[in-house]
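In order of appearance the chains are A, B, C and D, and numbering begins at 1 in each one.
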Amino acid sequence: MNDDKKLKEHLKNVNQFKISDEYDIVKLINDLKDTGFNAKRLAIACEIYKEMVEDKECIKFFGLAGALVPAGMQGIIHDFIEKDFIDVLVTTGANLTHDLAETLGYHHLQGDVKIDTLDDARLLDEEMNRIYDVFLPNNVYEGIEDFMKELKIPDETMPVSDFLKFLGEQLPDNSNSILKICASKDIPIICPAFTDSGLALQLGFNHQKVNLNHFKDMLKMVDLAWDAKKAGVCVIGGGVPKNFIMQSLQFCPNSASYAIQITMDRPEPGGLSGATLQEAISWGKVNQNAKYSTVISDATIALPLILWYLKKSL
Amino acid sequence: MNDDKKLKEHLKNVNQFKISDEYDIVKLINDLKDTGFNAKRLAIACEIYKEMVEDKECIKFFGLAGALVPAGMQGIIHDFIEKDFIDVLVTTGANLTHDLAETLGYHHLQGDVKIDTLDDARLLDEEMNRIYDVFLPNNVYEGIEDFMKELKIPDETMPVSDFLKFLGEQLPDNSNSILKICASKDIPIICPAFTDSGLALQLGFNHQKVNLNHFKDMLKMVDLAWDAKKAGVCVIGGGVPKNFIMQSLQFCPNSASYAIQITMDRPEPGGLSGATLQEAISWGKVNQNAKYSTVISDATIALPLILWYLKKSL
Amino acid sequence: MNDDKKLKEHLKNVNQFKISDEYDIVKLINDLKDTGFNAKRLAIACEIYKEMVEDKECIKFFGLAGALVPAGMQGIIHDFIEKDFIDVLVTTGANLTHDLAETLGYHHLQGDVKIDTLDDARLLDEEMNRIYDVFLPNNVYEGIEDFMKELKIPDETMPVSDFLKFLGEQLPDNSNSILKICASKDIPIICPAFTDSGLALQLGFNHQKVNLNHFKDMLKMVDLAWDAKKAGVCVIGGGVPKNFIMQSLQFCPNSASYAIQITMDRPEPGGLSGATLQEAISWGKVNQNAKYSTVISDATIALPLILWYLKKSL
Amino acid sequence: MNDDKKLKEHLKNVNQFKISDEYDIVKLINDLKDTGFNAKRLAIACEIYKEMVEDKECIKFFGLAGALVPAGMQGIIHDFIEKDFIDVLVTTGANLTHDLAETLGYHHLQGDVKIDTLDDARLLDEEMNRIYDVFLPNNVYEGIEDFMKELKIPDETMPVSDFLKFLGEQLPDNSNSILKICASKDIPIICPAFTDSGLALQLGFNHQKVNLNHFKDMLKMVDLAWDAKKAGVCVIGGGVPKNFIMQSLQFCPNSASYAIQITMDRPEPGGLSGATLQEAISWGKVNQNAKYSTVISDATIALPLILWYLKKSL
């Protein structure tokens, strides 16, 4: 805001919009843009993402935390990658474990169940692991173990991201698999806390000599940021993926020019997950002239809307 | 959940859905229904609302708290009423004040402004009141005062809801006005904390003898619930509107058969705003066999989606 | 912050404090003051409250929402009043209903119960109403009804606050009762959404002609603010009590000089409950030079600490 | 809860407690135990922690996420370790980086600054990195770099935890240092996402051949859990530390017997950070007969209270 102009010169009427009979996602997002609160922030996030995709110089870092695959978002994330909306994926070991499970033909389960009164001790008896209102049977982990046991690891000290590409290559074709589409398109998957996952446990149990290199991925991320003419970041849910992208962006000559985060975390407790994108400017992670938007929303609602908007408007 | 069946017999695969080229809001909601987390809860809320509208015996109570009109949701709420999706509206004085302002031709303002660094002392100088990222110039209140001053109150001890109907009747035609559409369609507006509003302040300043009756509205609500063959409730944002509907539903012979809440509040701090709908069963507010869903979401995102779904699917 | 000085000139080292063997609440709060996040905000809230009490010209408005009496905070609030830490109490009908119940000798109940798996349908059968992890048996409401039935209302159109004083006078002596201590000390209790309560329901059912005046309380609050040389506000949990105090403070010549809020609500959804105290400056509710602090904390943790600090340090 | 007894047989009166003149932390916690909401949960967490310390067979896993050291909690965490309240520390690279900075004589900064209107672009100019309301000057990272450059790494493929012990041994004596006290007492520090930190960046930049082993730490944690006769867990703030402890506890023969979490995260978005401890029962991470408590609170408020209670009551 220019200090010499009055605030009202920057303002226009709130859009008291209507949902017409011939409505579509692009109209919705355009309408929401001139409203307020998180509706407006979501609309701005959509616009920024679109601009980020259209900016051919921009390297798009995507941070993914939270149990998105169990919640049915595997195909959505797959399509973000297939459509070239992601250049570098930074995620948790858990999402990769869940992606592997689905790709191998196992399934997360859900149904018409009241979780308010579910007895978890009974679920333990039924060998049914709970992820809020989604369930994963124990035998899925046995399937993963069988698969991991058979893997012929080409190099026990390869970078984690190289291993994940190798892993993707071993997988059957699958129209939803994140590991597979990243391997095919050579999109790096960076997983800084890889050992914090069922996938890594099975790898470690069955291949005791592995010491996949985490440091090379750390330096690779710094190089990716360093070499980016422009950088953009979309963060889902905070955690290590957010911090890892942000620490790398400090080495990007111009910091991030575009920044989006979709999260339920908030700034007041001081953790990085909920930190504002504004704060990231002080660190040189986000450029002071960047376009940015934080949407306080469950990603399972916001992410499909963003993809739908991008597919329709690009 | 039937105790004799295993959990897995209640379950099916999580839907790893895709956004096809010919996608629409009904497909989205249908897809989200078999996912997890708040996406699933939103889909279930949509389905319940649809069923509630189709159930001709059901009286639909709608509780509206939060600054929804400033955030551009006036037309959305107007259309919920116009489309007969609401039978009784319980809301805050603030939303009515903001509705009156827009109906009289004033506007809430928004724009490309970074609120992270806005200096509110400067806004005070510019006579610009802030509601998060929406702004309301002081002179709007002067316009409301002029209007209220001229009102000829027919009865100083009339129930608040009768006054609000009278107020709606005095207003010009307007395709977004909540007060106007409720007056035309004879949908009661119940405002239990009416004096907690700019509208009531202007009424009180300019009509010193008014003592609008709050108790008759309280008893009217109990009667409405008492007489309802079936009852449904949709609560946006908690607060007095939620509690007031819920206390009335205790007198509904079958309690609520349908219940939806869209809120960012959570149960752990113990306040009624964030209380689960499950908890309301213990009070006899919600029936133990009711269909219910709580969506943890900003209403500015969820409400337009629900309306869009209802318009397309009904 | 003075724009001509660098930030670091305003800063000093974070206090990496220790809990010594001879520790007390005053040392804790003093130590927390030079830390960060909500610990610091809590310490500043304590200091502001202390200064507010020491400032003899300051009228202290206290807004109380949330089920604080059910959660065991009745004696704490009672002592805030007894110790002259509150000049005007604005609260919900629910807290007064719960206060009345305890004062008449009934009790809220709690115990070693896992609420994660409680079946609320069973509680309904056992006539046990649930407030998160606290329980209120139905028969308490019968006791309230018996009491209310016998009341001889002196004036059916008296202001709500006068009625609440009258009510307090009818109650037996009780070392925890909020209604009683307010009546004895002539501390006004303002309850703008009075009809949104079990207490008002019993009043209305048994005294069909009552039309207690809400508007006179609204104007009384404006007068109290108007006449205040200085004003201070402490808000617990948002809701109508917060908004009602804030709308009145707009008429205070100097706005509030001290402002504290303890809440779990956040600003992003745009509702007044979670709005920052900074935002209130734009409205002229809080003075631009005011001392203020928002603590994101459950009030059941923060409120006893604040009282303990005040009792020890004053 | 035994199904054959009525709920009320499990219940007793809520404790409407008072803060007496001779009050201390043990009385406060004892009083809060019979209240409700987060106050009660905090009291139960204190009791569980005490019991966990008194249980000599119990291995106490402590997960620490969030910027606790910047917020002045370094000495508190140090004393948890010194007093033998922690057997295995699982934390983020950020907390270790901040601990290293303070141990080397640098400081985090704070002061009387309104963060609502801080301009982060100006902080960038002043080379002052912001962590909510705490600040870290850029030159601290230069100091860390100088220190890391000089390190003689004994083994480039040592486990991360061995490296962190080695690092602690190189540090000067310091009454607050977490790295130092863990090294002296041989308490393992497990850091699964070590490369996600300024510390690891400096290590990687200056020692290009390091490939510290993350897998051995993963297996070590499994062994620690496997060998534990009893296990207890206290989690601050979720994230990788929580998940990593939990995945290991699946291999503990009896799962965790005690479990505490202090967090602002909530279960509804489905992420592991906010997941209930109840849910962990379904996975075999927490025993179905475990004592557990989740406190929804900023750790900067809860953690000092817990330490104070433990020091006074043990």
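Following the convention adopted for this analysis, contacts are C-beta pairs under 8 Å (C-beta built on N, C-alpha and C of every residue); 3 or more make two chains touch, one makes a residue touch a chain.
Quick caveat, the model's predicted, so the values are computed rather than measured.
Chemist: Looking at the contacts, which chains touch chain C and chain D alike?
Modeler: Of all the chains present, those in contact with both chain C and chain D are A, B.
Chemist: For the sequence-identical pair chain B and chain C, determine the rotation angle of the Cα superposition and round it to the nearest 5 degrees.
Modeler: Here the rotation carrying chain B onto chain C measures out at 180 degrees.
Chemist: Looking only at C-beta pairs that count as contacts, which pair of chains has more of them, A-C or A-B?
Modeler: Of A-C and A-B, it is A-B that has more C-beta pairs in contact.
Chemist: Could you grab the centroid distance between chain B and chain C? Build each centroid from C-alpha atoms only and quote it in angstrom.
Modeler: 25
Chemist: Need the CA-centroid distance for the pair chain A / chain C, whole Å please.
Modeler: Going by mean C-alpha positions, chain A sits 41 Å from chain C.
Chemist: With chain centres defined as C-alpha means, what is the inter-centre distance between chain A and chain B in Å?
Modeler: Roughly 33 Å separates the two chain centres.
Chemist: In chain B, which residues are in touch with two or more of the other chains?
Modeler: Chain B, residues with two or more chain partners: 36-38, 67, 70-71, 116-118, 120, 123, 128, 131-134, 264, 266, 268-270, 278, 296, 298, 300.
Chemist: Taking the complex as given, what residues does chain D use to touch chain A?
Modeler: Touch list, chain D to chain A: 65-67, 70-71, 94, 120-121, 123-124, 128-134, 157, 192-198, 200-201, 203-205, 208, 210-219, 222, 237, 239-240, 243-244, 247, 264-273, 275, 278-284, 288, 298-300.
Chemist: Quick one: in the complex, what on chain A touches chain B?
Modeler: Answer in residue numbers: 1, 6-8, 10-19, 21, 23-25, 28, 31-32, 34-40, 42, 67, 70-76, 79, 102, 107-114, 116-118, 122-123, 126, 128, 131-135, 137, 175-176, 264, 276, 278, 296-298, 300-302, 304, 307-308, 311.
Chemist: Okay, in this complex, where on chain D does chain B touch?
Modeler: Residues in contact with chain B: 36-38, 116-120, 266, 268-270, 296.
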